[in-house]
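Here come two complexes built around subunit A, the first alongside subunit B, the second alongside subunit C.
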Partner chain A sequence: MLRRLAFASLTRRRARSLLAVMGVAVSGALLLDMVMLAGGMRDSFRKLLLVRGFQLRIAPKGTLPFDTQATIGQASEIIATLRTNPDIVAISPILGLKLRVPNRNVTTVAIGLDGDVQADYELLSGRPVGGTDRIVANQAFADATHSRLGDTLVVALGYDTPRRRLVIAGIGRFFYTAAGEAVVAVPLATLQATGGSATADRVSLFMARARDGVDPDVVRQWIEQRIPRISAISTGTALKQFDQRMGYFRQLAVILGSISLGVGFLLVTTLVTVSVNERVGEIAVMRAIGVSRQHVVEQIVLEGVALALAGTVLGMGLGLITARAFNAILSDFPGLPAAFQFFVFRPRDAYAAMSMLAAAGALAGIYPAWRAASLPVADTLHGEAIA
Partner chain B sequence: MTIAIATPTPRPLLKSELLSARALVRDYPVGGEIVRAVRGIDLEVTAGEYVAIVGPSGCGKSTLLNLLGAIDRPTSGTVAIRALNVGAMTDTQATLFRLHNIGFVFQRFYLMPTLSARENVELPMAEAGVRSAERATRAHELLEYVGLADRERHRPTQLSGGEQQRVAIARALANRPALLLADEPTGELDAHTGAEIIGLFGRLNAKGTTIIVVTHDEELAAAAARVIHMRDGRIIADETRRRA
Partner chain C sequence: MWSRTATIAAIASTFAVAPASRAQPTVAIDERLAATAHLGIGDRVVLASEPGVRGDTFVVAAITRRGADPSEVVSNGYRVRLHLGDLQRLLGAGDKVSRFAIVSTDRARTVAAINEVALGFRAYPSAEIAVRTSKTFRVLRRFHAAIGVITIVASAIFLLCILALKIDERRRDIAALRLMGISRTSVITMVVCEAALISLVGTALGALVGWVGSIVINWHYQGVYQTPLVFSLITPGILAFATALSIVLGLGAGLVAARRLARRPPLALLGR
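So, the complex of A and B:
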């Protein structure tokens, strides 16, 4: 009966309740987005790092992967050293350069890699990188050069460097390049040779995969001890660095999330308080005929929770739609990998946002409920009679 | 399922005194001063009585009724119902006591506008923990008793003033109270509808329900066997008469 009364009280002023629910929905949507943002970027970054299971990145000393133009020399020597560690089961050397396609007037990112052990692209059609001239391009490159699978292109590093003929063997989706950025994967040796002596036996980065059950940080320490001229970064340390660099995003998300929670709380408190103030006579009569204070409190808190829950359910849908829109905008940021997501939906985020709003709704109902339960019955009835 | 009664019947009453008020005083602080609304009232009501309290506006009738109904506490003095000092009860105890022992009827009906007539009657029973099916049956019986069996699904806004007051009376009787208290129950009704309510009170009293009614309505007061006259917070006359 009290549940019935609570819901009936909400439907009594439908337009007002609907507006309040929409207000809570907007604040719920923002809260969900902020919760998704706070944890999503990190989650997305982690997934990106582990897309092919390589837990370690090895970059020139003191740098982060592709943070600078610096490269690591004597790459084959490093590979040989790494292979002495039985806990390292795969090594993927990568060289990043800019290549020109002179007769198409296009400059592209070229990633030199070992086609058999690569973690940079996913093949969509055709064949993988291999031989000396078989390359994989992304769709943006194919579009920019008006080329198709099987086409042969002439490329060069600079204006006065030797030219090479490469065949587009496959079309792929690259994990670490920005949306719309033209990129090709080239056999490592071919790319090193294209660069001449400046890139001979040099790489920008190694990716390494530790054996299952082995702590990547133990391997990382081993690598740094054995090869002092490089920096090894595990997924864990990369995430720590990510947290340091992107901490302000999380702080912003927490602040905005808290504000939206506060707004939702105030909305529900205001609406339920107004509703209680309109019904003091009814509440006094309920108390007079024997309805306990506890049940009055329960009814009013239930009203707050119902408003918050209705708003939350609506807000979850709205939050997902707005998160998708925000993601589309932010993913166009220059230099960000297209696969990187700012807003990642995780059920636990939705539960967290819903729980926080429901709790806020319950808390929001407490003040008006306390007011209602504290009404002096006789005085209120007397006041109502005079009114 | 068996329902205990078909028409509202009060609980077994004590033969002697049902209600006793002693040296009852109620003060209100108003604008820094103390206004004495009830000034040392002594009153006994026996089970089955029909009492009307009359007097000019502001003489303390409603305040006295609130004290007798345990919705207000006396500044001093005692109110005992069925030998229980209701003035000394905690709020929780008083609420529970009202739920099971006292039925209230107000001038403005005060039905829950979002509930149907039947749900309004069920409300005190739900609070008392009566099962849903039993509540529905008893609510129907009570509405039938007050002549509104065909209106039980109607909301208060769909009922006339007299009908609303009859629903309010059915609600007051829901938990078979020992005492029915009514504050100006015909105050918002026209003469014809008021007469229906007076008739209903008469029937209830004839069945044994103890009624105390505060009223300005001479016809309602005339229907009572005992009329208490108040002025300035005091009882100035207490007359018992034979009903016509």
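So, the complex of A and C:
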């Protein structure tokens, strides 16, 4: 009965209800997008950091990984020190340089790494990095150099440095590379030798994995105490830095999300209030024939919730479509890995957005419901009769 | 003296504060570094190419302020400017430089001439570098534009809904006017004018809120990123667009609702 009355009341002015549902749908879509942006971006970054289970990054003192061109000297000494800690089960040294492929007129990012403990790429075809000349390239590099698996390429660090022959042994997908950026993984010793004395025994960073059950922050503190010339960064610290740099997006998400919620709330409040004002006579008659105040309140709150829910369901679909469009725009953001996503759908985000809008709908109905329930029955009927 | 170890981006250039001298080499530091490390003009700092390496002592000769450079906004790094020779010596970089800046009377010809004979380097016009380094902001601009479209759709629906309700609420007034003999056209014109006026007043209030919001946004982000860059700007074009949009929507909603009401017999509007 209650639902039927609420439904009849909403369908009495279909155009108006439809407009309100559309308004709530757009607000709901923006709200869902902003909830996805606020939490998903951080989640995506966290997943990227832990893609191969390395919880610690070790960078030159005072820097973040690959934030500057600074490198760490005497890398083998650091590896030896790290190996003395039984809580560190894997160490992956990485050197990042720019390499030229003179014959193809291409400059590429080269990552020097140890093929056995690398956490930078997943192999799609061929063999992993190994020996002195076996490299793994991404598809963007293969396309740029018009090369294929098994091809031998001549590379050099600069224009006045010795050249070296490398064989493309595998094609891989790199986790930390921007979309369309050419990149190759090269045996660390080979890349260090290519750079001559400037890169001998130097690395850009180390990745370290702590034993299961060991707090990575305890290992981080141990590393910083034992090797003062480096900065050890745990996933938590990296996420804090990330929050600081990408704080703009989180603030934008909070502001726009709040505005969307506010717009949805105002829209439902206005519509339900006007609807109640138009029906004061009808409500007074209902009260006069014995319908309880609670029943009137429930019916009007239900109208608000129904409007909000109908808009929210539409808004969820719309929000997912717009999130994809937003992600496509932001995928061009310079310096961010291709695998990084700003808008990540998580069921709990959808529930959060739906709950917020449904609660806003219920709240929006409370004021007009209270007004309707507290109408003086006789005076209202008298006023309506005169009108 | 600042004892904390930090990695600082060093730029070698000629700066006109004090001449380089072998006895007392000078540096210019940015104001963020000066504030963080409590450094002032005349203080001595030790700069080294990396932690644990014996560095050289420099005298702070100048404190610089960041320009409104979009490419530096999200960078938290400190900047120190050294005389070219001092930085080359500090890094052991010999006679190497990262880039040259050239002033030319014929830019296109100079760029072409350099690139024709260059071996191992390439010349770019400043405008091209500006385009490359401002990609972050181009992406953000597209993102903001996309969000703007959704916001405009949401506000348009909101405005239509409110105006439709507002006009619908006046059905009894309209019925009375029609019963008094006022023509349909006059009633429609009156309602449409009223809707346009409400839109205009709403836009003026909205512009005021937007202007205050813009001041708050600039104050907040200029403080967060320590830059004189303007983040939010209300231009006459934006104002004109917002005004035009809200008036058009107001007129549209007013016209549709007024015609619908004016078509109905006055007694039906009164519920008789």
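Note that the second predicted complex is superposed on the first by the 387 of 387 C-alpha atoms of A that agree within 3 Å, B and C clash if a C-alpha of one lies under 4 Å from a C-alpha of the other, contacts with A are read in each partner's own complex, and residues count from 1 in each chain.
Everything that follows uses one rule, which is that contacts are C-beta pairs under 8 Å (C-beta built on N, C-alpha and C of every residue); 3 or more make two chains touch, one makes a residue touch a chain.
Please read all numbers here as calculations on a predicted model, not as lab measurements.
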Next on the checklist: By the touch definition at the top of the document, which applies to A:290: first (subunit B), second (subunit C), both, or neither?
Outcome noted: first
Next on the checklist: Per the contact definition in the header, classify A:30: touching subunit B only (first), subunit C only (second), both, or neither.
Outcome noted: second
Checklist entry - Counting residues of subunit A in contact, which comes out ahead: subunit B or subunit C? => result C
Next on the checklist: Once chain A of both complexes is superposed, is A:60 in touch with subunit B (first), subunit C (second), both, or neither?
Outcome noted: second
Checklist entry - Which of the two partners, first being subunit B and second being subunit C, lies in contact with A:354: first, second, both, or neither? => result neither
Next on the checklist: With both complexes overlaid on chain A, does A:300 touch subunit B (first), subunit C (second), both or neither?
Outcome noted: neither
Checklist entry - Given the touch rule stated above, what does A:4 touch, subunit B (first), subunit C (second), both, or neither? => result first
Checklist entry - Which holds for A:109: it touches subunit B only (first), subunit C only (second), both, or neither? => result neither
Checklist entry - What residues of subunit C sit close enough to touch subunit A in their complex? => result 5-7, 9, 50-52, 74, 76-77, 119-121, 135-136, 139, 142-143, 146-147, 150-151, 153-155, 157-158, 160-162, 164-165, 168-169, 172, 221, 224
Item to check | Of all residues in subunit B, those that touch subunit A in their complex | outcome: 62-63, 66, 69, 71-72, 91-92, 95-96, 98-100, 102-104, 106-108, 110, 112-115, 119, 122-124, 126-128, 171-172, 175
Checklist entry - Which bits of subunit A are touching subunit B when the two form their complex? => result 1-2, 4-5, 8-9, 11-12, 281-282, 285-293, 295, 377-378, 381-382, 384-385
Next on the checklist: Please output the residues of subunit A touching subunit C within their complex, sorted ascending.
Outcome noted: 13, 15-16, 19-20, 22-23, 26-27, 29-30, 60-63, 67-68, 70-71, 73, 158-160, 228-230, 244-245, 247-248, 256, 260, 263, 266-267, 270-271, 274, 277-278, 322, 325-326, 329-330, 332-334, 387
